[in-house]
Structure formats: structure tokens, C-alpha cells
Amino acid sequence: MTQTLAASSVLPSQQTDRANALPVAIFLILALVPFGAAFGPESYVLGLFTRVMVFAVAALALDFICGYGGLVSFGHAAFVGIGAYAVGIIGAHGVTEMLVSLPVALLAGAIFAYLTGTVCLRTKSVYFIMITLAFGQMAYFIAGSLAPYGGDDGLTVRLRSTLLGFPILQNDRTFYYFVLLSLLVVYFAFRTIVYSRFGRVLRGARENATRMATLGFDVFSFQRVGYVIAGAVGGLSGFLLANATEFVSPAYMSWQRSGELIIMILLGGLGTLHGAIVGAAAYLLIEETLGGITEQWKLIFGPLLVLIVLFARGGLLGLVDRIRGRPGRG
Amino acid sequence: MDWSTEFVEGLAVADPVLQLNDLHKNFGGLVVTDGVTLDIGFGELHAVIGPNGAGKTTLINQISGLLAPTAGTINFRGTDVTDLPADKRAKLGLARSFQITSVLPRFSALENVALAVQARNQTSYRFFGRADHEQPVNDAANAALAEVGLADRGQTLAAHLSHGEKRSLELAIAIAMEPKLLLLDEPMAGTGHEESARLVSVLKRLKGRFSMLLVEHDMTAVFALADRISVLTYGRILASGTPDAVRADPRVIAAYLGEEME
Amino acid sequence: MSTGLVVVQILNGLQFGVLLFLIAAGLTLVFGVMDFINLAHGVQYMLGAYLAVAFYALTSNFFIALLLALAAALVFGLLLEFLVFRHLYDRDHLEQVIATFGIIIFLNQAVKTVWGAAPLTLPIPEIFSGSIILMPGLLYPIWRLVIIASGLAIGLLLYVLVGHTRVGMLVRAGATNARMVSALGVDIRRLFMIVFGFGTMLAAFAGAMIAPILSVEPGMGDTVLILAFVVIVIGGIGSMRGAFLAALLIGLVDTLGRSFAIDILRLVMPPSPARTVGPAIASMLIYVLMALVLYFRPSGLFPARGR
């Protein structure tokens, strides 16, 4: 199989066995983490990897729309924040049932995506980046002005979501597996979608939207549906985040958060899906490790990002490929 | 204008697939299409020739819906499509190829064509099931590839095809749409002698199956293929008629054909 | 809502708009000519403010400090261009976003490390301190008027430079069609460096000028950066005229919105919800404005890039 082109559009099916082995390995490791954690600072490790998976869910959605749809959204954190606020606000009114808050979180992300997508998707390239960024900021400021729900200070989620009244997420380990399950479902959902007819149209539009239009595809509508899917999954990530941190804040929606999500998918390799998980893990673990070494970790982290862009095209996985002398993917 | 309509009326088509009615297009002060009226009959291969900058591609862009005309109407199979976007026109049966190759580079040749099949074949809002495993779609796509001589290149990424192969792929994509009208914007552009002779024979086979509007610089190809020819200069139709009539038209010879026909 | 208050807020809006213009001008040039998204433009504004503070501490003269800060910012900007940015011009936007994001992370932290996290201040230069009487009973700080005047002067300067010099001609041509300019045999790298250096100085100038009336702190460039992007997107990327008009528009809308949203809402709703909803609406006003502009004109008000 030809692999000399940029990584992004090579479908998982077109990759080698290794590429299929990688997702399996990733999920296996994630499934085993709690067992390893039992021997160390358990709640710290569980918390860290829960956070990794929560952001991986959001990064997957971003990789879907950006890596496969070619739509560089710089406001993705808004969906996460909206999902988190759905949990926070519903919780503030005494409802913790996830059969309520989860659909609301998904729906809120989807609706926000639909409304903003209707405007954003009329624009192209740089304008799209900027306008998604601006809508993200808009969501951020709205959240900050929600005085009844803590305004800039955010609000505490007093109780993790319950299922049919049972506090199933109260236990950290159970919650961990709940997040893992969510990640697994999202991963396979996206994998299915990118192979499907819809996914093919989305990928085609990334390559050449004009050509797709002359084939008879209403590119705008397809992209908007893709954007809405990404928004809903972003909302899911927010639902998980609110439960993980037991706190909701406008900071979840800041443009720096959106930037971090982009970094994650770029770190892992754009348009690979499992790369989004690797990228989320790499980002948060680097942050955690450097943060453990020095308070000034950002002095190292910033230049590291620059170096990665300059020298590691195709993300960390691409770098691994090249070091091992495989035909480059990017 | 008045003199050119003689030709059109002499060959007036009863049931046109496409009618351009006094089409105008300005870019700022620049007039690129200046009152084009044109009918294409069912099953006809109509060639549009003219010097560079005559507005041929602009005309095709207006017909296919990538550019909005400044004035005038476009009627396709009895529907006024002037204000329809490109995708709606494609759905009505309008296919086009691009002068500058416009295939999806990171898709295989087969997938390029399969997308065209998929576009006319039920909904694409299907989120489950692998699109590349849909046998009926792949069969139709392979058939189109075979028609242009790319039968064994289906698995190659479009970016890796040779220039001539890409031109053929453009054609296969258009065919696979099973259109009612095929707009071909210089299908032979940049191909060598051998390649363009091959493309001519492909087009000959397609003739009659589709109505076609062919924009082409290769005069040998045009005169070998066309039922009628319209000559476009400065955005206007200078003359329109059978190849023989156009070849004999003194105005055409003076304005355009003279030097090219030696 | 007295007339006096409205006048003051309009002036504040103008001053804010002028500030945004100084930042957006460099951004839109770099963007238009090099097709380069420089998120780090905001930290260059921050750096201008910090350098002014630092040089003031050494020289105790605002104007010398301003000049030194501009020179230092230019050197630093060109160094960044040499080390990082020039390797990114032909990369895709996504990579540019990440790399310049990395520089933001670094510089925000570096500033914190060098000067501390606490906000710093810079005194207003003696001769421009105090206020003048605009109308009876209405005082307005002179320094803010100086900012407005210098911003407008720079706007005029840019108008002349871009409209009537050879470099300006190349810049305009570059914003319309970069490939054509390099095909003309122009040393595009040098043009890029000039444009980039100039943009950096403008941002640093804005930072130094605003430092006396704003607290100088890490991260101060981030918010301004987003607003500058809003400005150039509304104005049309690469268009100096668009950036100027959009900057004033955004400055006025934002300032007036924040000042009067509650008052206006009280005309149509009871005071209590007005106090809650007002600030929310005020803070999202400019984004709504941008959405509206882009909905009707997807390439901004004055698109520079031809099709």
C-alpha cells in the first residue's frame, strides 16, 4: 500500500497490521492501568488517566472534524465546556440522574455546533479558524457571566451523576471504567463513521469541496452534520469532565483549552483517531512530568511544541516511524 | 448576434437538454460572457471552440453552477437552474470535468469514481457499513474506469496517476454520474498525441449515450467528434453550426480558425 | 446616560479601537502577505509593555524607554522570525497555530519568571499627565488622547506607506497574490522580514503606550490577540483599511456595549434581570457582530485577496 503521502487521509484499513495493533494496545493498557495503580498512589494515577481519557474523547471528536473533515476548529473547548455546564447547571437544581444530564450534555453540544456551524461553515480556511475561535470565546464569556451559576468562579458539582438513582460513578475505579467505556464507544463510532458513506463524503470534501459539489454533494450540509457530531461528542467529554473534576468553570472553554486540544491531535498524528488518544496522553503526561520537575515547566513545554512542529511532522507516531526507518507517514 | 442565430435556427433542436439564454458575466468592468444564447440537443455533442480568454471555462463554470451569471438564464432539461447551486444541478444530471485536473488526490482512482456513483445512488447520510465494501457501487465504478481504460489502476492513489491517466479519471468520474449532459472542459489539455487520440476514441464511444458540451483546443479532436460547433470570441458566439459550415464560415476563418487550420 | 458620559465612552472606545488597530495592523500584514497565522503577535504586545517598564526603571524617562523598548522588541521579533517563523511560512495553518501557541506558552512563563506574576505599572510621562476639560464639568485624561492621536497618526503613516511606496506596493500585491510577487523576482524573504519587523514594532508600541493605563501582567496579550483576530477577520484579511475601520468599530461597540448594555436593557426589562443579562450580552456583542459580518460577507468587509 502506498504510504508516501501525508498521513491524514490514509484510512485505518489501508494501514499496516501495526496500525491496528496500536489501538488494541492502547485500550489494553488503559484497561490495565487501575491494576497497576493499586501498587502506587492509586487515586493520583486513576485521576490522571481518567483525565487523559476525558480529553481523549474531546480530541477524538476534534480529530474527526479536523483530521478527516479538514475543518480546523479552534473553538472545540466550547463544546466540552457546554457539556460540563449541562451537568453543573442540572446538578445545581438537584438533578444528578445521568439519563437526564447526559442527553442534555450531548444535545447542548450538538445544538451549539449546529448554530455556530451554520455561520462558520460558510467561511473557509483561516476565516474558519478565526470564527470558531471567536465563537469559543463567546461561549467562554457567556459562561463567565452566568452569575447564578458561579460566574467567573465556576460552580461545584456536589454529586457525581447517578444512574437510575444509583451513585455508580462515586467509586473512582468504577468511574475510570465508565470513562474508558465511553472512550471505547466513541472511538469505534468514529472509526465506523469515517469508513461509511458519510465519512467518505466528509473526507472527499476536505480534499476538494468544489469537486464534491459538482458530483452532487451538498458539502455544507454534510460538513454541518459532521460538525454537529463532533459537538455532541465534545459535550460528552464535558459531561465526563464535570464528573471527573466535580467542578465546572468558564476556564474549560478558554481558547487556550481549544489550542491544547489541537496540540493533542497534532501530537498524536492528525487523521488517525487513535493518534488523538496518544496525543491526549502525551500532552497531559508531558505536562504532568515537567510540572513535577519544575514550576517553570512551561519554559520547556513551549519550545518543545515548536520543536515538534519543526521536526516531527506527522506527530509523535510519525516520529517513531521515521526513527525506526519505516516509510514516513507524514 | 443576429447573423449567428441563422445557424442555430437552421439546426434548431426540438427538445434541448440545455438552453443558455442571453447569458452575461462581468468581473468588475471586465465582460467575460457577453450575451451567449445556445441550445444543446438531446444526444448532441456540441463543441465550443475559441481562442484563450474567450470565456470558455467561465461559460462552463456558469453552466455547472460554480459561478453565477450576471444576467440571463440557464435552462436544463426544462428546469430553470440559473439560481441552483452546483450540487443541485449535478443531482439533476449535469456532470463536468475540469480543465485543471480536479480529482481527489489522496483517494484511490476507484474511490474517486465510487464517490460519483455514491452521489447518485441513494443517500450518503449513512454512518454505518463500509462504503468501500459496497459491491454494487464498486462494480459501477469499475465499469466506468474500464470505459476510459483505467481498469487495472483502480487501487492506485489518484495523486500517483500519470497526467494522462488523471485526465481519463476525470472522464470516468463524469461518466459514473450517468449524467444527462456532460460538460467537458478541455479533456485533452496537456496530453500527448497518443493519449489524446485514445481519449478521442473514448469520447466517440460515449457519443450518443450522453449529450455533451465539449470545450477543446485540439481542432482535430473537435472536428472528428462534434455534431455542431460554436465559436466563442470575446465572450460572444461568433458562429454556430455544423463542422463543415463553421469551417467554411469566412468570419470564423478570419477571426480564429485561419491560423490554426493552417 | 448623560451626554458627558457618552462622550467619554466614545473617546474610550476610540482609544481602545486605536490600540486594537496597532496590533491588528501588524497581524493583518503578516497574515495577508505571508499567509502566516501568528498567534504570538499578542505576546509581542505584552513584551512591548514589559520592556517599556524595564527600560523606564533604568532610564527614568518614558520616551527613551519607549524607544529602547521598540528597538529591543524589534531585535527580539527578528530573532524569533529567524529561529522559528521563517520555517513555518510554507507549513499549513494548523502547524503555524501550534508552533506560535508554543511561543505564547513560553513567553508568558518567561515574563513571569523574569518580572514576577504581580502586575507592574508604568507612570504616565510628566508632560502628558493630568486631564483636560473637554466641556464644562467634563475632564478627560490627556494620555488617552495622546494614544488616540498617535494611533491615528500611525494609521495615516501606514496609509501612505502601503499606498504610495514600493514596499507598500509589494505588500499590497503580496496580500492579493503572494506567488505573483515572488515570481516578479522580489526577494520575498527580505520583504517578509521587513513586514514582520514592522508588525512587531507596532504591537510593541501599542503595549508600551497602553502600559501607563493598564496593569502590565503575564497573559495580557492573549485577550488582545483574540480581539485583533476578530478585527482583521471582520475587516478582511490583508486589508489595512479594513483593519482600521473594523478596529474602531470593535473598540466602540465593545466599550459602549459594556458601558450602556444594562441601561439599554432596562428600557425593555426590569432592572434586576437587566443587571444579570447586560454584562453577558455586552461581552458577546463583538462576537455576534463578527458572526453577522461573516454570515453575509464570508471574507470580511474589505477582502484583499482576489479570487
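Order of writing sets the labels: A, B and C. Residues in every chain begin at 1.
Quick note on the criterion: contacts are C-beta pairs under 8 Å (C-beta built on N, C-alpha and C of every residue); 3 or more make two chains touch, one makes a residue touch a chain.
For clarity, every value in this text was computed on a predicted model and none was experimentally measured.
Asks: Could you run down the chains that neighbour chain A and chain B together?
Replies: none
Asks: Suppose chain centres are the mean of their C-alpha atoms. Which chain sits farthest from chain C?
Replies: B
Asks: Suppose every chain is reduced to the average of its Cα atoms; which one is closest to the average of all protein Cα atoms?
Replies: Central chain: A.
Asks: Centroid of chain A to centroid of chain B, CA atoms only: how many Å?
Replies: That pair's centroid distance is 43 Å.
Asks: For chain B and chain C, what's the span in angstrom between their mean Cα positions?
Replies: Chain B and chain C have C-alpha centres separated by 49 Å.
Asks: Cα centroid separation between chain A and chain C, in whole Å?
Replies: Chain centroid spacing, chain A to chain C, equals 31 Å.
Asks: Quick one: in the complex, what on chain A touches chain B?
Replies: My answer: residues 2, 5-6, 8-10, 13, 192-193, 195-201, 203-204, 207-208, 210-219, 222, 225.
Asks: Which of the residues in chain A end up touching chain C in this complex?
Replies: Listed in rising order, the residues are 66, 72, 74, 116, 119, 122-127, 129-131, 133-135, 137-138, 141-142, 144-148, 255-256, 259, 262-263, 266, 270, 296, 298-299, 301-306, 308-310, 313.
Asks: Show me the residue ranges of chain B that touch chain A in the complex, using the header's touch definition.
Replies: Chain B reaches chain A through residues 64-66, 85-88, 90-91, 95-96, 98, 102-107, 111, 114-116, 118-120, 123-132, 134, 156-157, 159-160, 173, 177.
Asks: Note which residues of chain C are touching chain A in the complex, please.
Replies: Result: residues 31, 35, 37, 39, 84, 87-88, 91, 93-95, 97-99, 101-110, 113, 222, 226, 229-230, 232-233, 237, 276, 279-280, 283-284, 287-288, 290-291, 294-295, 298-300 of chain C touch chain A.
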